[in-house]
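Labels run A, B, C and D following the written order; every chain starts at residue 1.
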């Protein structure tokens, strides 16, 4: 059994990691830290874990994270960049679910996250944790930057098209919608049910941190400049992200786009290209690690549209982190992740 | 008191008409027809009307609609085109909340609605019931075609930009989201709460009837070809539409776009251009007749974005119909419509 | 126009007061205080009020509340008891929407609210703001204690039965369910949509402050000891309370219980006794001031059951407060309150 | 691998059976019948099963159910009583998820279900599928009647108290609340999201079929007459049941009631007695087979209260059916059922 630690486990990505790891079979969570809740059994804070995980939150000082094979940082942005290097120096592997190591360009990172990076030397050494693109790097990485939630849905919906000469890379639109758990377990008025319930709205319309993160990958893959408008919305539900992606066509595609997607993802365990005419529902991936996509060409016009759905806490966070862990520790990639979405 | 009739009053636009008309003050609902529910008090079917409206559904045969000053058709598509002409011939004014008279091009209409028009002579004589654009025509019209719900949100979000040389009319995107009441009061599995609740998805992605209707107005106003991709989505809530509209810029706008919108709608009682930085919530217009819009330019890039929200059953249906009625019958335009949205 | 002040207007009862008063016609809101939001226009915090109310929050010091005819306290418990007496001394009328003056027994009050009362001399002089029971006292009162939300639903569901010899007053059960807006606009983790959404649970099961408040009225009306178990629950919705009330029968009722309720409430503008076989929906009273009740006798057994629904923010708070204001200031009791619930 | 058939698999209990059986490991679903959907792949109707189960619906005639080791009937009431006997006669084991074999008294059954029983000889031979009470009978049974959803929550919340002299068996109250999936996948107006969303109400208040089913077990266990009032409610959510159970005390309990429950369920894998002060959330059991209960004594009074939560489709239907299957086929009782509830 590999030994696993979780730093900052009181949030939603933390509990989701525990839900998945408790049934993984090849790992044991030996430490989960929280300054605020130190001493409290995790199943008091999260009763859904009762009977599945017997563990208490501990302070970072009390937890011997260096004895772990791998440590997840489920912390706010800016924590892993401070604390991960000491673990990495001792040979511990790290998956950061926050944004500290996602952006290669330190200036861009500082602009969006409002901090100077505390461990810039590790930024270039981190693998970007999108297995569909960087599986080999992840396998051999000591540090993995787990992608953002909107980012995962949008990027997987766009990857097969990147670099195709017949699309217009300059005017892409990602209209993305997220359930409220994406905002985390923070006591904030706008995320109250009385505020977010039975209503729908945009947020961060002037610019959102996930835009440069998506862009970084699209540019890397297409090897050309990319223009991307990204607009997030808040959906009155708990879990789920749907990204509707608009790709203007420069020319008639010389290939069958449906087949292009199916071929591209043929061997991927966690990307499901749905049949033509499907409407991916966020509930169909609730609780599991799948990204489901469907491709449309409305009225046969000059715009290609992709709808991509994930569970923001699974493929958009903890599930993808476990997928990365499996790669890093040599487990089968889908171990502990073969769950079926709840419907209804 | 003007006499009002409602044909087909058992659906959601019917009950919403009754809710608004019962407190209007200048009209009396004298007949509301339903073959299926004839004889039943309306407040048995809709208990929210208890105490506000004492009326029974009647068969179309029993109701003397010709004695009405104005009749609303809250019927499925294809009914008004059969039944309205007889009333119109007797001088009764008609507002059709369905799609029968919305599309001027009969071929386009037939293609989308799968029927041959039964009263094509009235199509050209109908005013299109968007008061912000056709107020004068509506005032003098005998027949008004009330716009579609997504159509109203999208069109009002785009009007001030139409014909501006600095936008690209050829690649507009309307990503629209609707609560489930937009599907009407029909017993269908996909609209069950167990299906649509706590989930999000696209629908009609290959093409939706509201696309040609939006297009017709945009072309008329901009006097040029318009390219429009329209994609509707289903939100797990009851009421509300939000349309996120993407308008590529050809050049730097020579005007302040916020001011352009504010000027355009300065005298409109039911369009509220929100201050910069606002995120219009569908709940802020729940139950009232407002359309609220906000304008963004994400990251200062080459894409203008408008978020437009309405209540699909009010400004998107019954409220706009009452606004049209007010114009047609000489009432103040906002009579009976000065309600305040519920928040929370 | 009567001049109205609101102390502590940033919460949900505050915005609901503004929604109702803005369309009342006989009053003008001249001051609304908030230390935290002083200077901010109310329609920035609550965009649903845009166009309906042009007012800024002010500090309590800047607002001349003594110039008001009536002041609402929409403050946390313990504020009105400090600040109301000075206004009352100047002849200003006061409606307290919090609990400061609801409980006559000061020891009971202190036990439940954990404070020593700051103005005990006013407790006995306050009218209890349930017009169905204390209409005359309210008309002539200078200070009115607006009832609690669960309390209103439960009490109105029980009143006609109190003192009837054929019910068992000793073993009443009120199983009450509330939407999350009942917890107010406070940033608290358990009220996040990600916590309260798509889930259902009890709360305050060991004892809730509304139990002694319901009990006080039941004892006063029945003139005998009453045994009452009260259990509140949290419903994944924004607005609405439903109380299911269980009344054991000692004997076969010598009267028709449906008729008893109908007669009792025959002249009440805001209590609607529904026909036999009805299932009151919380949505049927959403946004309006009605309490709707239905009476059952499951399987013809020895238990009477009443289902009572209100909107917790209207009849359960701001609407009832306006109803009380109407009585205190000589307006028709239903002025500004003749709204129709939204359905769907 | 044991061979499993499902009759009538298009409903919510059918898809839930497939979700659980697909990951069970010891069984293979070889046939799933549906007259209406014969020929359709199950993962077209239920995309959450894509990749997990490759099977098509077949007609009952095409499916060789007699080759199965066990067949689940996920059919409407009245089907299993017609079709199960032929399978039973051939030695096939049967679990009926409908109500056909739940009630021992045929007159009571006929009164509530409006049918004459087609195979009364099997009623007495069926084991009642509540493993916590009838584990041994189920192990050796050929036919198991899977309990109702409200029934399971209520019965498990009451069992430890049955027969205790210090409770009043004559005046029990079960106030039960269910998500809308409990109504099944039937196209009915009251279950539309536009009807059931953002609202709360009672249903079947005059009497519900689950009352006699709960009563049958309580009487059998307590060996005395029992008085039970049962009132179901509809919650605006998809999954979950919470039953609040009121038990009047005749005397001061001579035992610690919390300990009584903990002891009673000490060895039960699927009943979780929560610590004092807990508020069981339906989400904590979403997707898994647990029943979680908490015990209260509000204000230390003469009423004991139990809150019991289950997932209506799992412990309330398909999960309990698989638990019964495990017992009948000799698998470990929790095989395939060790899932962790989703939170948030």
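The working rule: a residue touches a chain if its C-beta (ideal position, glycine included) is under 8 Å from a C-beta of that chain, and two chains touch if they have at least 3 such contacts.
Note that the structure is predicted; figures quoted are calculated from it, not measured.
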Exercise. Hey, which chain ends up farthest from chain D, C-alpha centres compared?
Worked result: B
Seminar exercise, completed: Of C-D and B-C, the pair joined by more C-beta contact pairs is C-D
Problem set entry | Centre distance in Å when chain A and chain C are each reduced to the mean of their C-alpha atoms | 45
Seminar exercise, completed: Per the C-alpha means, the centres of chain B and chain C lie apart by a whole-Å value of 36
Problem set entry | Centroid spacing, where centroids are CA-atom means, of chain C and chain D in whole angstrom | 38
Exercise. Which residues does chain C have that touch at least 2 chains other than itself?
Worked result: 12, 179, 181, 185, 194-195, 197-198, 236-239, 280-281, 283, 286, 344
For this session: Over in the complex, which chain D residues touch chain C? Could you list them?
Result: 171, 173, 175, 177, 179, 194-195, 197-203, 205-207, 211, 227, 229-231, 233, 235-240, 242, 244, 246, 248, 277, 279-283, 286, 294, 296-299, 301-303, 305, 307, 309, 344
Seminar exercise, completed: Listed in rising order, chain A residues that touch chain C in their complex are 12, 179-181, 183, 185-189, 191-198, 236-238
Problem set entry | Of chain B, residues touching chain C in the complex | 12, 15, 19, 22-23, 46-52, 181, 185, 197-198, 238-239, 272, 274, 278, 280-281, 283-287, 290, 292, 313, 338-344
